[in-house]
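Read from first to last, the chains carry the letters A, B and C; within each, the first residue is number 1.
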Amino acid sequence: MYGIVVAINVGIFAILALSVNIITGYAGQPNLGQASFFGIGAYTTAILAGKYGVGFLPSLIISGFIAGIVGLLLGLASLRVRDDFLAITTIGFNFVVVAIFQYVPFFGASMGLSIPPLKLFGYPVGYVGLFIIILLLMLLVILFTKRMERSWIGIALVSIRNNEEAAESLGIDTRKFKVISFGIGTLIAGFAGSVYAYYMGFIMSYNFQFMTSITILSMAVVGGLGTIAGPIIGAIVLGLAPEIFRFVSDYRLLIYGAILILMMSFQPQGLVGDGSIFANIVRKLRPKTSGVDQ
Amino acid sequence: MFLQQLVNSIVIGSVYALTAMGATLVYGILRVLDIANAGAYAVGAYIGMAIYALTGNLFVSLIATLIISGAIGICLEKFIYLRLLDKPSIVPLITSIGVFIFIEDLLRLLNGPYAKRFPAKLPFSGIQLSSVSIPATWILVMVVTAVLLFILWYILYHTRIGLAWRATAQDMETAKAMGVNINLVVALNFLLGYGFAAVAGSLIGIMYNSISPTMGDTPAYKMLAIIVLGGLGNPVGTVLAALIIGLVETFLGGYIGFFLPRDAIAFVALIIMLLIRPKGLFASNNA
Amino acid sequence: MEKRLFSVISLLLIALMVMSGCSGNQQPQQTQSSGQQEQQPSPSGEETIKIGFFAPVTGPAAADGESALNSAKLAVETINNAGGILGKKIELVDYDDNFKAEQAVSIAQKLTTSDKVVAVVSGSYSNPTRAAAPVYQQAKIPMVSAYAEHPDITKAGDYIFRQSFVGPIQGRAGAEVAVKKLGAKKIAVLQVDNDFGASLVEGFKERVAKLGGEVISVDTFQLGEKEFTPLLTKIKNENPDLIYMVAYAVEGSQIVRQMKQLNMTVQLLGTEGIDATKEFFGVLGKDVEGLVFTTNLNRDDTRKVTQDYIKNYTEKYGFAPDMVGASVYDSFMVLAEAIKLSGQATPDAIKDGMYKIHDFDAVTGVITSYNKLGEVIKPVQVQTVKNGEIHFFDEITDMEIIAPPDIQ
């Protein structure tokens, strides 16, 4: 059971890392506030399921869409504010959202909110069931990202990341795609938040702080932005690190910091990003299957 | 009450100015959002306390703190930051967060998790009037901040190296082409950037008579709001922004009470301002 | 293309499955390799009673985490030196939750499934404890929350107990002291903005109104705040008879200092948490006189358990224990008592034993009993600071005030 619980944790953060990857990896827009959308999803579910007894699927979907709509609004801000200024706007957004959860009685304020255990068709869903739901959700996100990567949206998003002016001169409306990427990325984070709320059974504003955003982004960057395997691998590596290093309990955080520094110093493109050791090995082994040539 | 709140806001603003100056300088040259600077702030407090305990001389301990922490900054620059400059800006950001987590936890392991006191004896006493009281530590904070900012201003605007700094901040490639010794400028930048943060940490330690491994937590993100408000990498703008935030927080808290946490107020102001002026309140030409 | 996608997904699935599989199959090894020094099997290879423990040893609450862990170790040592319980030694299985609810949940799984402990003490704050409580309830492993305040923790079920007062009790006791003992009519509240602050102030306001006092303002600040001069200047202007300060030691010590700097002489009434003594007096030294606060540890208690605890802790760690430590220590002692009372060291027997506890001589006062909800019934201590030392001020035993909520 311990393994399943750790896997659920890693799974939720893998979905989150995939979600921020769409905004930061594909569209190249810094987002240091992804935890706020995670939180919006979790709080929406806590209110729907906890206060109004709404079932799992509607809660999940509504949570995702509310997060996505707020994400679209933040996306609109990205049209005006750019680069490092945008990065800090997203940090600020995270603080404001957490402050609202912390202060508004409707959101449980400082007492947090409880969520009843997840039931499907009248049967309680245990950790194993939750884990399967998370895997399915992750599979959907992966398939969707894969499609998006191949389709014209993906091409447009990548060209924004690489060179916005050039993309514009080719007639791509970069504004539209930036906003769309924010909408999609935050929608997925909202889904993750909904599942998280069911898993934890109790949420507080503290869980969705700026540091959580950093954790999510670190996972995507350490694994490799702009790839699909990257954020998942990043989530596994950084998600497991605190559990694996329990035997050196007192030095866990130190090791976590060291992993970030070393990874960024020696593999700044991420574990499986373009040009990383891992990616090179894969390319040598399977020269014909690199995704770009299709 | 008004006068007292005004004094309160100036002290808070001075503290913010000094704390955010380090990150401003680093950003000015390297365009890196340097969270690790808040680590230097905590390290500085511990170094300052240790040297003060050894020498009993506040002046010596502040200068030594500046130099030692500056040297740590130069090491970080040489071994970590310089090799990341051509990478996307997210890479040095995550790195600096790694450095920050590492420093904070190292301090906890070395010094224990409990807060320690920093009881400095000051050669002057505070001012007590009927309507206003200004403790001695506040005077220390304001005076040291003013002196350090004056020195910084003098270096930046009245020395050759300052000219080189400004040229590099404007455009590193052009400055290099014109024969500016970039290495020297960057080294000086980190010396001052980390030194200032460390002195700020020491002063805060004295002002609150308390230092702890996690004392850098709040400055880590708070200073980002201030340096952005100040126009990212513009030292003069940072000072003005720090004073404004000190003023807004104090008067909101003092007259209305906090309807949001203090830090959130700074960020609300920041977001509104950025939507109106996307390059900061005091945007310099190069930002 | 599709192939690669499937290989990625299958890789991922395998990784996750292997991971969950590993920990499921390697249980005997897990316990040995989880690496805590305290877990070495006792030399003679005899059977031990395993008690789990978690606290925020790293992260923003590391100071309380360390106090908690210190006391946990001391408690186990004390019990084992006295010959253990039922002839068996206690084995401590301790983990760091890093102040995170997610980690507390995985720790709960680890303790209940792979470490196979018979009972658990939470040395952590409300958020991790509240998130982990249902896991222990479901696994039917009794958990004693040492000092977390959230009212919902014990509502997780009959296996969950609390060794400290639920928030509103202490708030009501504070109101009693403020209005009756300190004669305050106009009261300003300065409160840390979390569940601890909110639940205490709720009880405080209700009781103050009943006693005919008036709360003229409530100001909140966030955890870790250091600058109180704007709020204090405002409160100074309101000219209250008393300030009710719901804060931990780090913030509380700054409030005391900054009041002094602003020449404020108004009476302060604090709460537990402020007596994390190492931090509080570390900052203030002797610069705090006449502060009154409610807590659960009476430093002047003449009973042997209390004096022994204070003496042993000070000898072992070099500084005086605090309320967090005392609560954790008591949690272990209460579990030991429950094992003795039921004569068996199984989770169910311990749970039943907990409900049998009656007039138990704990460090933090004589525990009358635990009610059906698992809330402790014991008097609230009121302490004051004289010459940089904490002394007895009053004790509140009125059942109307100290009766915790119960299952109807």
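Things worth noting here:
Convention: a contact is a pair of C-beta atoms (placed from the backbone, for glycine too) under 8 Å apart; a residue touches a chain by one contact, two chains touch by 3 or more.
Quantities reported herein were computed from a predicted structural model and do not represent experimental measurements.
Minimum number of contact steps separating subunit A from subunit B: 1. Placing every chain at the mean of its C-alpha atoms, the farthest one from subunit B is found to be C.
Subunit A and subunit C, compared by their mean Cα positions, are separated by 34 Å.
Put simply, the C-alpha centre of subunit B and that of subunit C have 36 angstrom between them.
Among the residues of subunit C, those touching two or more other chains are numbered 57-58, 193. Of all residues in subunit B, those that touch two or more other chains are 105, 261, 263. Residue numbers of subunit A whose C-beta contacts span two or more other chains: 102-103, 250, 253.
Remark: subunit B residues 27, 31, 33, 80, 83-84, 87-95, 97-106, 109, 221, 224-225, 228, 232, 259-261, 263-264, 267-268, 270-271, 274-275, 278-280 touch subunit A in the complex. Residues 1, 4-5, 8-9, 11-12, 105, 108, 112-117, 119, 126, 128, 133, 135, 138, 204, 208-210, 212-214, 217-218, 249-251, 253-255, 257-258, 261-263 of subunit B are the ones that touch subunit C when the two sit in their complex. On the side of subunit A, the complex with subunit C involves touching residues 1-7, 9-11, 102-103, 109-112, 114, 117, 131, 135, 138-139, 142-143, 146, 199-202, 204, 206-207, 228-229, 232, 236, 240, 242-243, 246-250, 252-253, 286, 289, 291, 294. Chain contact summary for the complex, subunit C toward subunit B: residues 57-58, 60, 62-63, 65-66, 193, 217, 219-222, 224-227, 229-231, 233-234, 236-237, 249-250, 253-254, 257, 261-263, 278-279, 282-285. Those residues of subunit A lying in contact with subunit B across their complex are 24, 30, 77, 80-85, 87-89, 91-93, 95-96, 98-100, 102-103, 210, 214, 217-218, 221-222, 225, 250-251, 253-254, 256-261, 264-265, 268.
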